[in-house]
């Protein structure tokens, strides 16, 4: 295998995985912007997306597109319900408390998934066949193209939403100054609900696209959540573009690290790069100075 | 005339392209009250931040007692004898009123973590003097009765006095007050004026940034007027009140 | 005043001293030993988080460093326990110092991620250095703690060791909190800029408290290693850091007793819930959720509020 | 407290006079029923529950009902220590089976050694029984024997250059050690040595690197589901050299999850999966067939090698109980001298020097053909 095709192969791999990290990172960003909290249950939304999809298509035999839409909807509702049950009732909560609440929530989701679907792994058929596409000696699965495509679609939809719709603009206003936003008549509580629903939906889409390649089981969420969290922070908390770039970057670094340096230390390499970037730019790649402060810790 | 204790020479501060302080020169004489006034955005708070090391000036220097302090870190400047209060009171809310003032003694004491952990005799003696001094300065600002209240529970006016007490406990050479009268009623403002007089009588040089003109004219020995980061006027209250430039800025140009 | 301040600790110490006399079962002693170990680790983290307001998601790394340092020295190189302990403390403190200087410039979530990264890197290295640490298979055969010829080789003896260390550290920590350094520490939580204006060297203080809390975690790790006589990287992964943090939040941040309470709850709860088998996870998560939602100041905060309520009622009745 | 008591009521009815008077024989079991190793721990727990039910339904052991107290370690070492302490001191069990993982087993060893309670681990690592610990046995085959089987097969196929992949778990690391140690003995050179995390989602980077070498075969050593990904990624990259899996591949689910990609993968394993293809003369066949049938009927899911480890462990203890009664010392002595015990993982012969009891003959080289596990030709 020539060096060139190796490099391309590592790039393909990195971008595929990175797209997932990017989507999880986007989920973190949306909730962070609305509430200032880090949602530790973000990875569980990815897991739930994959598991619900498996259940809908493999057990209920729904066709793929229907299953996809339904799964995203179901997880979106779960996300919204989580906000209503665990976040909404609190008066003036501290950020750290909210973070621990999401952590407890992630344990509940994990426990529920284990009860519903057991401990084994589940696969899904690839969306459009498993025959790899060969480019310059490197291969990429059609499913990976699906993942990248879904990331692009999510980014495009979000860009449209935040820039061209009233609700999206209201959400942005809210993240900049919630007090001022509520003064001009924006319902901040509803924005928080919406942010959880959207993050859950994006996580679910990522999970569904990812499951055919990697399989899904009840406790896969935590690690994906962790990587997405790193992406969100590396990109500059609260900055969606940053999260996407950072997610892709972490994926690519991991892949090249494993390929050229050492697979044993590949996560350490990625985390090391993350550390160095943070030490040089304490608010991430694209983060503003203010974002480095916790809203009220 | 007393000698100059704090001297600023061509102090300049830029944020990106914005010039917040433009080559400012002035001096503060020992034992006086100097007020810094000016419209919003004139650079008053930036000046305080530069004087206390929160940000370093882009160019120029500030000297305390003849030695340069600009460019030093906040805590180093505090150690040299400049104490301050904040525009929005920054009290330590997780502590009692007395403990807040005891923090003020930080620069005057020296027991480290290990001595504290082992509760050495030296540390216990030091702790007693810190406590005594704290109670003394609480009495100075009139909060002696509230010593053991949680600081978070006292009203905003009291928090401002607490901040002053905390700054006094450091026994500073220069005390910077950043809009101490903001949010106080007339009665409280009058009491504050009296307190500032007491502080000057203790031999502490006071620099006060304030919007309340009545208070400023009442207590200031000298007034520095800033506009767009530059010195608009500098002199006694009478001089400032008569200055046509100041009147123009504050009241608008008379045609 | 001094007696009043130390009264809860004295009562606690007495209770801790008599408890095992009626409770000889190694299982229960084992649980109490673990609670003690986790309490020591949370005490340090509480100092950092609850008092100084700095978050760390990497304390499992220091726990592991402590455990591996004395474990390797005593098991592989036959070093006596005390010199090994001193070496462990020095090594951990030095590493924490370097990490602290680098990371503590960061704030909030950025600090959280940086410490998380450090913790994971240490975890990966412990896994990868198979020749030295034993890798994922762990390090077995760590001897019992021996001090001056006395060996803490039973659960009973180890129980007293752990809780004696705990009480000692508690006194030291309480002294710090109520001193000049402690007040400076608590300032950081409210306002760093005001703290600096009062002459407090914020950077230095943050690094100091970070190192101190790392040493606490290392001590807990040392005790863990010698109590189980086996250590593997798995017992100090990211989830352990998160667990320590959860213990503090559940128990009560900024309250030394909060950490103990949290450690006790999070250790006992899974034991009590194990009868629910596969339902354990979901019940555990739900209980955690409910506690954090309804007691935002932790169990300690809840107890205090309850206590105040009772006192007020009693007083009102006394007056009426 | 978690107590699963399997004193079946049927048993009480049938032989009430004996059983009511007889003390139950207590055996402890510690498995990773939840947590990251749950996929291993669950079949182990299920097997033990089923076996205990069967034994009690058949009248117990010499008239005594068998009580198996199952504790969940969550795969966590600190928890394991507590659970084992509980079994020893509160439940006063005569013997312990499990734990599931190598790490948790290593954490439990000092406890049982001190309490002098025999423990039969269901974890594979060599370290557990080497050096021999007086009170510790294990039922899974040894890594070294699995390695030998693979290397023999490679020799047979005239392959001399191997690329090694392993997970960063206790199982993976132990296998990697043995692969490196035994390679020279068989004239095999290891041209690549790659690892991956147990929760990793992609191994194309590692495999791309291997593709760039002149390896003639890939040997993958892991026990967690991540090993499925190796097969899928290998297929994606169009790597055609043979793939060997370890005996940690002992779960039909792993092969099913990989679909086509699992075709013709080679792995040494006990005979459980190939029971249909065994000749009737095979000593293990009745045991295997009965276990597999009962398990799949009861739990409506496929058997795995892990359940087999637990079957062997409990069956050994039960035989010992039947022979010597609930005396820990005698049980230990009995197991240590036990020869030709026909179990699921092989035919066990323990001795004072060997607490594993199996040799490489307990392995068959299996492969996947048309989605089914068959013996490799």
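Each chain gets a letter, A, B, C and D, in the order it is written, and its residues are counted from 1.
By our rule, contacts are C-beta pairs under 8 Å (C-beta built on N, C-alpha and C of every residue); 3 or more make two chains touch, one makes a residue touch a chain.
Everything numeric in this text was worked out from a predicted model, so none of it was measured.
Peer 1: Can you give me the shortest step count from chain C to chain D, moving only between touching chains?
Peer 2: Shortest path length, in steps: 1.
Peer 1: When the contacting C-beta pairs are counted for A-D and for A-C, which pair yields the higher total?
Peer 2: Answer to which pair has more contacts is A-C.
Peer 1: Please list the single chain whose C-alpha centre lies closest to the global protein C-alpha centre.
Peer 2: Ranked by how close its C-alpha centre lies to the overall one, first comes C.
Peer 1: Distance-wise, how many Å sit between the C-alpha centres of chain A and chain D, to the nearest whole number?
Peer 2: 36
Peer 1: Taking each chain's centre as the mean of its CA atoms, how far is chain A from chain C in angstrom?
Peer 2: Comparing mean C-alpha positions, chain C is 32 Å from chain A.
Peer 1: Let me have the rounded angstrom distance from the C-alpha centre of chain B over to the C-alpha centre of chain D, please.
Peer 2: 73
Peer 1: Taking each chain's centre as the mean position of its Cα atoms, how many Å separate chain A from chain B?
Peer 2: 48
Peer 1: Residues touching two or more other chains, restricted to chain A: which are they?
Peer 2: 114, 264, 267
Peer 1: Indicate the residues of chain C shared as contacts by at least two other chains.
Peer 2: Answer for chain C, listing residues that touch two or more other chains: 127-128, 278, 280-281.
Peer 1: Touching pairs of chains, all of them, please.
Peer 2: So, checking each combination of chains, I get A-C, A-D, B-C, C-D as the touching pairs.
Peer 1: Considering the complex alone, what residue numbers of chain D touch chain A?
Peer 2: That would be residues 34-36, 38-39, 42, 168, 194-197, 199, 201-202, 204-206, 208-209, 211-212, 225, 228-229, 232, 235-238, 253, 256-257, 259-260 of chain D.
Peer 1: Quick check: in the complex, which residue numbers of chain C touch chain A?
Peer 2: 53, 55, 102-103, 105-110, 112-114, 116-118, 120-121, 124-125, 127-128, 238-239, 242, 245-246, 249-250, 253, 278-286, 288-289, 292-293, 296
Peer 1: In the complex, go through chain A and note every residue touching chain D.
Peer 2: Against chain D, chain A makes touches at 1, 6, 9-10, 12-13, 16-17, 20, 114, 118-123, 130, 132, 134, 138-139, 141, 210, 213-215, 217, 219-220, 223-224, 254-256, 258-259, 263-264, 266-267.
Peer 1: Touching residues of chain C toward chain D in the complex: what are they?
Peer 2: Touch residues, chain C against chain D: 25-27, 30-31, 34, 127-128, 130, 135-138, 140, 155, 224, 228-230, 232, 234-235, 270-271, 274-275, 277-278, 280-281.
Peer 1: Given the complex with chain C, which residues does chain A contribute to the contact?
Peer 2: Where chain A meets chain C, its residues are 32, 38, 86, 89-90, 93-94, 96-97, 100-101, 103-112, 114-115, 222, 226, 229-230, 233-234, 237, 264-265, 267-268, 271-272, 274-275, 278-279, 282-284, 292-294, 297.
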